[in-house]
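The first chain written gets the first letter, and so on, giving A, B, C, D, E and F; residue counts start at 1 in each chain.
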Amino acid sequence: MKIRVVIPSITKEFEAMGLEQYSPGARPDTEISVTLLDRGPASIESRYEETIAVPDIVSKIVEAEKDGVDAVIVDCMAEPGVQAAREMVSIPVIGTAETAMHVASMLGHRFSVITVLDRAIPRFERHGPRTGLSRQIASLRAVNIPVLEMDDTKRLVKALTEQSAMAVREDGAHVIVFGCTGMAGMAQAVEEGLKQQGISGVPVIDPAILAVKVAEALADIGLSHSKRTYPKPPEKEIVAY
Amino acid sequence: MKIRVVIPSITKEFEAMGLEQYSPGARPDTEISVTLLDRGPASIESRYEETIAVPDIVSKIVEAEKDGVDAVIVDCMAEPGVQAAREMVSIPVIGTAETAMHVASMLGHRFSVITVLDRAIPRFERHGPRTGLSRQIASLRAVNIPVLEMDDTKRLVKALTEQSAMAVREDGAHVIVFGCTGMAGMAQAVEEGLKQQGISGVPVIDPAILAVKVAEALADIGLSHSKRTYPKPPEKEIVAY
Amino acid sequence: MKIRVVIPSITKEFEAMGLEQYSPGARPDTEISVTLLDRGPASIESRYEETIAVPDIVSKIVEAEKDGVDAVIVDCMAEPGVQAAREMVSIPVIGTAETAMHVASMLGHRFSVITVLDRAIPRFERHGPRTGLSRQIASLRAVNIPVLEMDDTKRLVKALTEQSAMAVREDGAHVIVFGCTGMAGMAQAVEEGLKQQGISGVPVIDPAILAVKVAEALADIGLSHSKRTYPKPPEKEIVAY
Amino acid sequence: MKIRVVIPSITKEFEAMGLEQYSPGARPDTEISVTLLDRGPASIESRYEETIAVPDIVSKIVEAEKDGVDAVIVDCMAEPGVQAAREMVSIPVIGTAETAMHVASMLGHRFSVITVLDRAIPRFERHGPRTGLSRQIASLRAVNIPVLEMDDTKRLVKALTEQSAMAVREDGAHVIVFGCTGMAGMAQAVEEGLKQQGISGVPVIDPAILAVKVAEALADIGLSHSKRTYPKPPEKEIVAY
Amino acid sequence: MKIRVVIPSITKEFEAMGLEQYSPGARPDTEISVTLLDRGPASIESRYEETIAVPDIVSKIVEAEKDGVDAVIVDCMAEPGVQAAREMVSIPVIGTAETAMHVASMLGHRFSVITVLDRAIPRFERHGPRTGLSRQIASLRAVNIPVLEMDDTKRLVKALTEQSAMAVREDGAHVIVFGCTGMAGMAQAVEEGLKQQGISGVPVIDPAILAVKVAEALADIGLSHSKRTYPKPPEKEIVAY
Amino acid sequence: MKIRVVIPSITKEFEAMGLEQYSPGARPDTEISVTLLDRGPASIESRYEETIAVPDIVSKIVEAEKDGVDAVIVDCMAEPGVQAAREMVSIPVIGTAETAMHVASMLGHRFSVITVLDRAIPRFERHGPRTGLSRQIASLRAVNIPVLEMDDTKRLVKALTEQSAMAVREDGAHVIVFGCTGMAGMAQAVEEGLKQQGISGVPVIDPAILAVKVAEALADIGLSHSKRTYPKPPEKEIVAY
């Protein structure tokens, strides 16, 4: 099983980080590879940056299929380029947000998403109506630590635990979903933190690691996205970038 | 990885069938075991039969957890006892219908469910509002072959293909979901049948096999159902059966 | 008019209590009879206990129809066995929660349900999507007094009034619905209590008594549940309890 | 028990008809009285005619409360003046459409409404979102016989049966609701007609008679509409008609 | 372009006020005329007053069409008589609430409506389900200043700003909609007030002025309401007021 | 008033066509200018082509604001780049699909969209949940004439009329919305065609021309999109195309 993670960023350091984040949950026989963009933004914190990133994201996914990869994950909860790429390839292209939201809906009545910045919340809101899961969302909250400062793990876990506890107590969340793939690897620490606050039995979903598991599951049994929803584009003239 | 399939029936023949149906998609390191009910109906085709089956289904799931099993699947799209059992154990208890419906919603805009008998459709309908996925359901259709006669595989595949083609052409389905775990193993044949009718790129979901994959995925990363949604019952007097 | 109340419990004391609770609103020509379970739990506070209760609940309802009863009420807001029983009989089988929720929706824009324990709330939540009335629910609240200690009427009325006032003031409720049939007989006292807090004109629905009135109304004019929704189960082998 | 039926029409003949239509289901101790409008339209087949009728409908309901009546029914599925009148009185003011729709939703998964004319359907549609029951509506159909020609009972029953059968077979209706109170008294004949076409177990709701039963039920136990939803209007200058 | 504003009131002073309120946003070539009711209430603060106002509102709109007017606006967020009038004329009849709600939905994720009195909120709530925009409503709030005292502009702007700021901060509103046409002309002052509180970029919609702009837009390109939704009433006997 | 139309295409011929299509409905004092893309696809018929077009669409909109334009319209019903551009500018950026859908919802109960190709329908479907107007959509239909062959006006009007008539008769549409801005200028001919088939009073919405009117209306009164929904992106490193 080969899974390719496309990181929608030109920041070189993210390559090693991506490998580290996506590998822990993978099966021993799963080979994770990571690719960055050649052209695009340093990180994605707006719809504008999504538009800058999408052309090369799609290229990298087309390339991944040619490389014989079994499934692709786009490493961003905004899911830039995910739907466009599904038109261009036959392998599954996993959206980290929608996967986490559907699995969260299986595990409990309502989930809260804890994202990075308050300003990311309006952008995240589109996933509710798009997936049809608006009513399963208890709340959207933010730790308010910028993406590029998230390497202070202790601070991040503390803030995630705090917001998760408030989501459970004040918003009625039954499940917690991380709102940024950069939070990968912290689910267990947050579950521990919640227990210390007397909140046990609340699953914490790490969308990066879950995406790998769902990619493995779909690829194993040959399921991919419907060509009725994502038909192959017609051939035509394009002035490329 | 150990997965236990609980078959909500007293029919001895279903034991071997269950093993055969649930094994194909499993990973080499996954051990599937199957258990029947001691008391209950021959098969489940009504809400009434569900009530007869549920006490022993829950017992078998509690037993499975004691046996050290990692996840349990209840082999019936009505999901009898699934939610009750989640209160009693800590391991994931997979509902085959809701898993298939959530994954179908990830793969395309709308799915149709092809079940056994027309009379099963009203019972299946409850899964729409319950999962919040009503709007993703293009249609519910039936092959109208009784559960206990479903061993004529050719006839079943033909009828499934026919209904699936109508679901795509007339109801706008983008994904097909089998409505009975007894249809396990026929997804590929139905996809082939659809292609021969000019319908390609429509994923066909086999809920039995998918349930195994999702059980593996959740158990691998330690995710289970929320105790906020399924709290442990209080201790009290019960006059058992 | 004969109405049978099925109490899903083996607790002998509940028989007299049931008679006392369900009689006040009945018409003079309505004869209320009460039946307990032979096998089942002492009370129902979990989905697990529902599964233990349902086989005998259905038996008691089938028996009621044979006794010439005109309508049956299951004395539990979780409505265990109600839908299964509708498949087995032709008389109306009244669900106390759904009846109260539909009538509350007729009386005002939004209602709040005041139930017994916080842990009952997740179980009650399923009635929202099931009835299609999710958007009419202002909030679900609990008095947090265990079912088996609810005989302290004064304490219960005080707690109900308090929670109802908060539902009106903080959650925007226009109608109050009791969330447990064990609260029967207290609606007037709670309405009085609300008035003393300056909240008048808020109807308080006692689902037990309302169920009797709706049973009378339906039976009077020969309305019962649709056999398209609740078809009669096929005959087959069952290893009974 | 005293129930007043307000007929939103100036047509004298409707008075005797109303009494005949609303009496059959009433309890022996229920006294039905009927009142016409002094000013208004001959019948209501448009929103425009509703506006002409509403001032006097509200007057007649205020008068009914002064007469010591226990509950009022407005004899029109458009429910003209019903919500305004609830602001002005404390007794229940029953809407025939919303009552029928809520009870139909209790009896089965989906209902169809069979109304008089196709042109009435857009007006009826508002009841879906207003009651929150849009998803329970299988279809809206019409017999296409004008209100003022509905006295040919045989023709009407035949047309109602035909449309009801199509609603069940083609639209998936599980329950039938008459869409005009002028169809009162024909439910049994339509149920018979359906049986002759092989459709049994489908309840047919006569909203006029059901309204009487629900009026009796609410008045018996002192339930009326919420003053939070229908607050009493402030005093002010009005140039009356 | 000729636009007629129908003020659903008999209060003479409202005529000049209406002209003043509706003129500012109009194009130079747009001629605004205003008409009061001959019979009706002093102002509309209840459903009851709506019923008193509607017959003459419809008359005035029919008259407007005869006068060669291009579009009509009813000067009340309750939109009394708007739908009935659409049956009687071919020119657009603009509802101020629904226009503001649809435009607010185009401008941001969620809007809050700031109306006059708390007691107006339940009446406003019907617009949510009716327009299908319930989920876009962040909250409904009131300044709690009576309609007939709203001429203290400073007090009103201060209260509107305060409630708008709370709507943004506490309820998550992205857009503000005035809930009463009597607030016309204050949008800019409220936007300024919000900025002084550190809330910038939040559009404030003045439904009166917006209604003029949408009336101009529709009339310019010959769009009016569908006769499928608002069919012309049949001819029949009416005893008028 | 200056309005800029951004045509998401590199096809030179579209420039004159765009000017011709967007000018008819504009006010005499409105100046329409048109701009093509420097880099991008020949036309947009897939999500993939949208990703190719979006970077330059956003650039052209940023440029338009610098040019002192009052509002921008993106000439494509897929609305590529519209939301991203709203983050980058303060002037209104009009989405042709959402504007048409909201106005259609004001004009009647339900609308149908007639688009170009069947394969465009799945892409159009996203606008339903996104705008919250899913339930107002009666159907999505296609004329099945490729974008680049749409210059045969007669054939196109005939096909549009045919599909519109079917939408009204079979799908219950009350309003028709063109699903492609390339159909601009044909609304009147289609309304005529419908009348000849006995269907009158059904508004036909031309989204291109409507977008101009709504742009004029918003710009006139200083309304633009909320910065709470579309916050300004942070400054950061971007490797541009």
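Here, a contact is a pair of C-beta atoms (placed from the backbone, for glycine too) under 8 Å apart; a residue touches a chain by one contact, two chains touch by 3 or more.
Because the structure is a prediction, the values reported are computed rather than measured.
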item	value
Labels of chains that are neighbours to chain A and to chain B	C, F
Target chain F, source chain B, minimum contact steps	1
Magnitude of the superposing rotation for chain C and chain D (Cα, nearest 5°)	180
Same vs different contact residues, chain B with chain C, by half of numbers used	same
Whole-Å separation of chain centres (CA-atom averages), chain A against chain C	43
Inter-centroid spacing, chain E versus chain B (mean Cα positions, whole Å)	52
Chain D residues counted as touching two or more neighbouring chains	109, 122, 132, 135, 174, 228-231
Every chain pair meeting the contact rule	A-B, A-C, A-E, A-F, B-C, B-D, B-F, C-D, C-E, D-E, D-F, E-F
Residue ranges of chain A in contact with chain E within the complex	122, 125, 134
Sites on chain B touched by chain F in the complex	109, 135, 174
Footprint of chain D on chain E - complex, ascending	10, 37-43, 45-52, 54-55, 57-58, 81, 83-88, 119, 122, 126, 129-130, 132, 228-234, 236-241
Chain C residues touching chain D - in the complex, by the definition given at the top	25, 27, 95, 98-99, 102-103, 105-109, 131-133, 135-136, 168, 173-175, 188, 200-203, 205-206, 209-210, 213-214, 216-218, 220-231
